[in-house]
Amino acid sequence: MGLNHFDKNGNAVMVDVSDKPVTHRTATAAGSIQVSSEIMAAVKSGNVKKGDVLGVARVAGIMGVKRTSELIPMCHPLPIQKCSVDFETDEDAGMIRVFCTVKTEGKTGVEMEALTGVQVALLTIYDMCKAIDKHMVMSDIHLEEKTGGKSGDFCFEEK
Amino acid sequence: MGLNHFDKNGNAVMVDVSDKPVTHRTATAAGSIQVSSEIMAAVKSGNVKKGDVLGVARVAGIMGVKRTSELIPMCHPLPIQKCSVDFETDEDAGMIRVFCTVKTEGKTGVEMEALTGVQVALLTIYDMCKAIDKHMVMSDIHLEEKTGGKSGDFCFEEK
Amino acid sequence: MGLNHFDKNGNAVMVDVSDKPVTHRTATAAGSIQVSSEIMAAVKSGNVKKGDVLGVARVAGIMGVKRTSELIPMCHPLPIQKCSVDFETDEDAGMIRVFCTVKTEGKTGVEMEALTGVQVALLTIYDMCKAIDKHMVMSDIHLEEKTGGKSGDFCFEEK
Amino acid sequence: MGLNHFDKNGNAVMVDVSDKPVTHRTATAAGSIQVSSEIMAAVKSGNVKKGDVLGVARVAGIMGVKRTSELIPMCHPLPIQKCSVDFETDEDAGMIRVFCTVKTEGKTGVEMEALTGVQVALLTIYDMCKAIDKHMVMSDIHLEEKTGGKSGDFCFEEK
Amino acid sequence: MGLNHFDKNGNAVMVDVSDKPVTHRTATAAGSIQVSSEIMAAVKSGNVKKGDVLGVARVAGIMGVKRTSELIPMCHPLPIQKCSVDFETDEDAGMIRVFCTVKTEGKTGVEMEALTGVQVALLTIYDMCKAIDKHMVMSDIHLEEKTGGKSGDFCFEEK
Amino acid sequence: MGLNHFDKNGNAVMVDVSDKPVTHRTATAAGSIQVSSEIMAAVKSGNVKKGDVLGVARVAGIMGVKRTSELIPMCHPLPIQKCSVDFETDEDAGMIRVFCTVKTEGKTGVEMEALTGVQVALLTIYDMCKAIDKHMVMSDIHLEEKTGGKSGDFCFEEK
């Protein structure tokens, strides 16, 4: 199987999905950001009093999911039916992990939507913490799993 | 120095930059995506005939830079004066590296713009290659360097 | 029934509507803006010659309806199938009333779309008349009625 | 003084501000939403555990401010330099009050930005509480004060 | 048949399509831009080395198609299922021709989407070549054909 | 002078304008749409009663101008300081002519903004009249004149 999103002359194209069946589809993406212990402490103390970094990042991620087809050139617009963004903080590793789950009924999947939600949430954490330290690194952003569609279910496995 | 983007009650706020001086500012962000050898071959053969994955990702990244303040809640809108997105492919490592450089004259920096450009370019590569393999992983996304502004110049150093 | 748009941990979420049936749905929202007699006279003389304030506000309101899910964080995107914005001017009360009706077939309702249409139309009237007087007040913005969906029909009643 | 935003033939126009001086400008708008006691209790208990309605509405309001010139047809785009959204809850009156303050340096004011921030915050509160009760009413949305610009300072006075 | 998009009082309205059946729909629009021989030579040499004007214009056109309902006030949002933008260069006539084909299943057609794709692609060519010569003229932009929907198939004929 | 918007390797780039001086700039673009006599009659009778096609198209054109840098990939965002859209109807020729004038103070010109305003206004006329006849053709879209900037003043001359 070759690159999708190109026609036989190699020109970029939003591929024709009109004959594909509408199916229930879900996708979960994950990613993380490595932060200093000072940032971790500030984020973990996050609550309505001290500044809720993860709360703002969650809203940004969910709103970003809805803009996916505006950002990714060949991505089909899809009616998002569910979207959640969750976080795990691992103090020892200095890691904040982000998970984004998206659901739709459509002719294409929501992998790109879930990945975009993760990226926007990570960028928002970066933005809100960068006054403390700019050495944060975002990494391990990948598709965790998806269901539905012709290509079937997918579950990420470390190779 | 604490979390920016929160007021003294812990409420999220787009911080007041009205009294900051306008200075020339640049930022370069970098990131990479790990791909299978099959994807690497498809991308490297990219040209007008076979499908220019990196050309499409470059356009997407540059357009994404201009949407930064729409995506990141507390980010100030800035008049982007220059934006470039560049790629390096490392076949041995199975890595495509993305670099995004942004310039402005403004009261705040363009770090978030450069990082957003990298993320959108990476997402576009993922989107255009995902029919071949969905195990791609985006990583090492960070601010490479910035100049201008009160906090001065910054250059990322591995710690 | 509690707050929607939060999960069991209190985290904001775009709620899962994938199992809800698609039904015909309508919503009508209303609101008003109190204006000075000078503004009322200028608006009422509105026509192609003198400046059609309400015509511009109608276009803005309809276009605003289509942006609802971009503005309201947890709002599902919906395929708008009909949208109208209407006005009533009450010279004695110094009131311009705005009504916005929206239709869709979908898994969630169009209440937020109709309310957003009213708000954007009101803001546009304010913008176009503010050189005369800035004491305008927008008020009484509410959902007038809705049909369709599991929660059934709704008709606003003064309490 | 007549309607701004129309030319001498009555055609809508984004007025020429190119000869106006750049000045520091601020604007504060206010508005409120009347809610049932059940909604008030749910909102007041709002925190990271129970669902932070006002936190989400604040983010939405700030992001909405940045979209003002996209929503209001004749509104000039402006570089927002500060934006905050604050809330007051009045349990006895069943009122949540919203205040939005915006700053810029520009040739036109930020009145519309502040008002748009209030409207989007109010709509978001409505959206997140509407499963409990749809009789909420948004009202008293007005410009509280502004500074800067040729028309000078303005402070809303009840007439 | 009269003007669509107005109600019986002459007020602009997004017409009610809720009772129309969902059908497969396609539309192809075409247009061209007349350029100097110097521009034609630069564009024709376009490839990854010399600058791929048409590649960038193709991406812009496809992304523009997805923004149609944001730009055209009374246009219904539609789930685009396929979009391609193609070019023909006619050196003798000094013409670059643009074709945009769009598919959906919906209650209204994709004529406006196809036309918008052509316009945005043409504007992008103009933007990227204007340093050489600003006398470019865009012309002959029209609907080439459409299928599906109550009004049936349409094929443009020179009159 | 070669293609702008490409670097020396032929990669698309938003060119660096940070060292260019800020100057007053204006641009006027023009274009036309050929319509049937039936459409011409419907448009010319346009007023608040019968449906103001040109009024809606004017609002759309002005709003489109503000979206230019989102639509055209390598276009710099600019603070629009004035925008007007005007129409001329020529019944004998079956032509509606559109003119769009834009002003800014900036480091780059507003040619693309003026052209985009014309295109969006033309598309809106097409959309609102297409129920009568789909043979409309948009043509002769060009830059009429510009002032300001290093490349100096420009006035379109038929060649």
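Just so it is clear, A, B, C, D, E and F label the chains in written order, and each chain counts residues from 1 on its own.
By our rule, contacts are C-beta pairs under 8 Å (C-beta built on N, C-alpha and C of every residue); 3 or more make two chains touch, one makes a residue touch a chain.
Given the structure is predicted, the values throughout are model-derived calculations rather than measurements.
A.B. asks: For subunit E and subunit F, which third chains touch each of them?
C.D. replies: Chains that touch both subunit E and subunit F, as defined above, are B, C.
A.B. asks: Can you give me the shortest step count from subunit D to subunit E, moving only between touching chains?
C.D. replies: 2
A.B. asks: So which of C-D, A-D or C-F matches E-F, with over half of the contact pairs the same residue numbers?
C.D. replies: Selected pair, repeating E-F: C-D.
A.B. asks: Just how far, in Å, is the C-alpha centre of subunit E from the one of subunit A?
C.D. replies: So the centroids are 31 Å from each other.
A.B. asks: What is the distance in Å between the mean C-alpha positions of subunit A and subunit B?
C.D. replies: Distance between chain centres: 15 Å.
A.B. asks: Please set out, as single numbers or ranges, the residues of subunit D touching at least two other chains.
C.D. replies: Residues 11-12, 47-48, 52, 55-56, 59-60, 63, 67, 70, 73-74, 79 of subunit D each touch two or more of the other chains.
A.B. asks: Using the contact rule from the top, write out all pairs of chains that touch.
C.D. replies: Touch list across chains, by label: A-B, A-C, A-D, A-E, B-D, B-E, B-F, C-D, C-E, C-F, D-F, E-F.
A.B. asks: Show me the residue ranges of subunit A that touch subunit D in the complex, using the header's touch definition.
C.D. replies: Touch list, subunit A to subunit D: 46-48, 52, 55-56, 59-60, 63.
A.B. asks: Would you mind writing out the residues of subunit C in touch with subunit E in their complex?
C.D. replies: 24, 55, 58-59, 62-63, 65-67, 79-84, 86, 103-105
A.B. asks: List the residues on subunit A that touch subunit E in their complex, please.
C.D. replies: Its residues touching subunit E are 7, 11-18, 69-70, 73-74, 76-79, 106-107.
A.B. asks: Could you pull out which subunit B residues touch subunit A in their complex?
C.D. replies: Spelled out, the residues of subunit B in touch with subunit A are 1-6, 9-12, 31, 42, 47-53, 56, 59-60, 63-64, 67, 70-75, 111-112, 115-116, 119-120, 122-124, 126-132, 134-143, 146, 151, 154, 156-157, 159.
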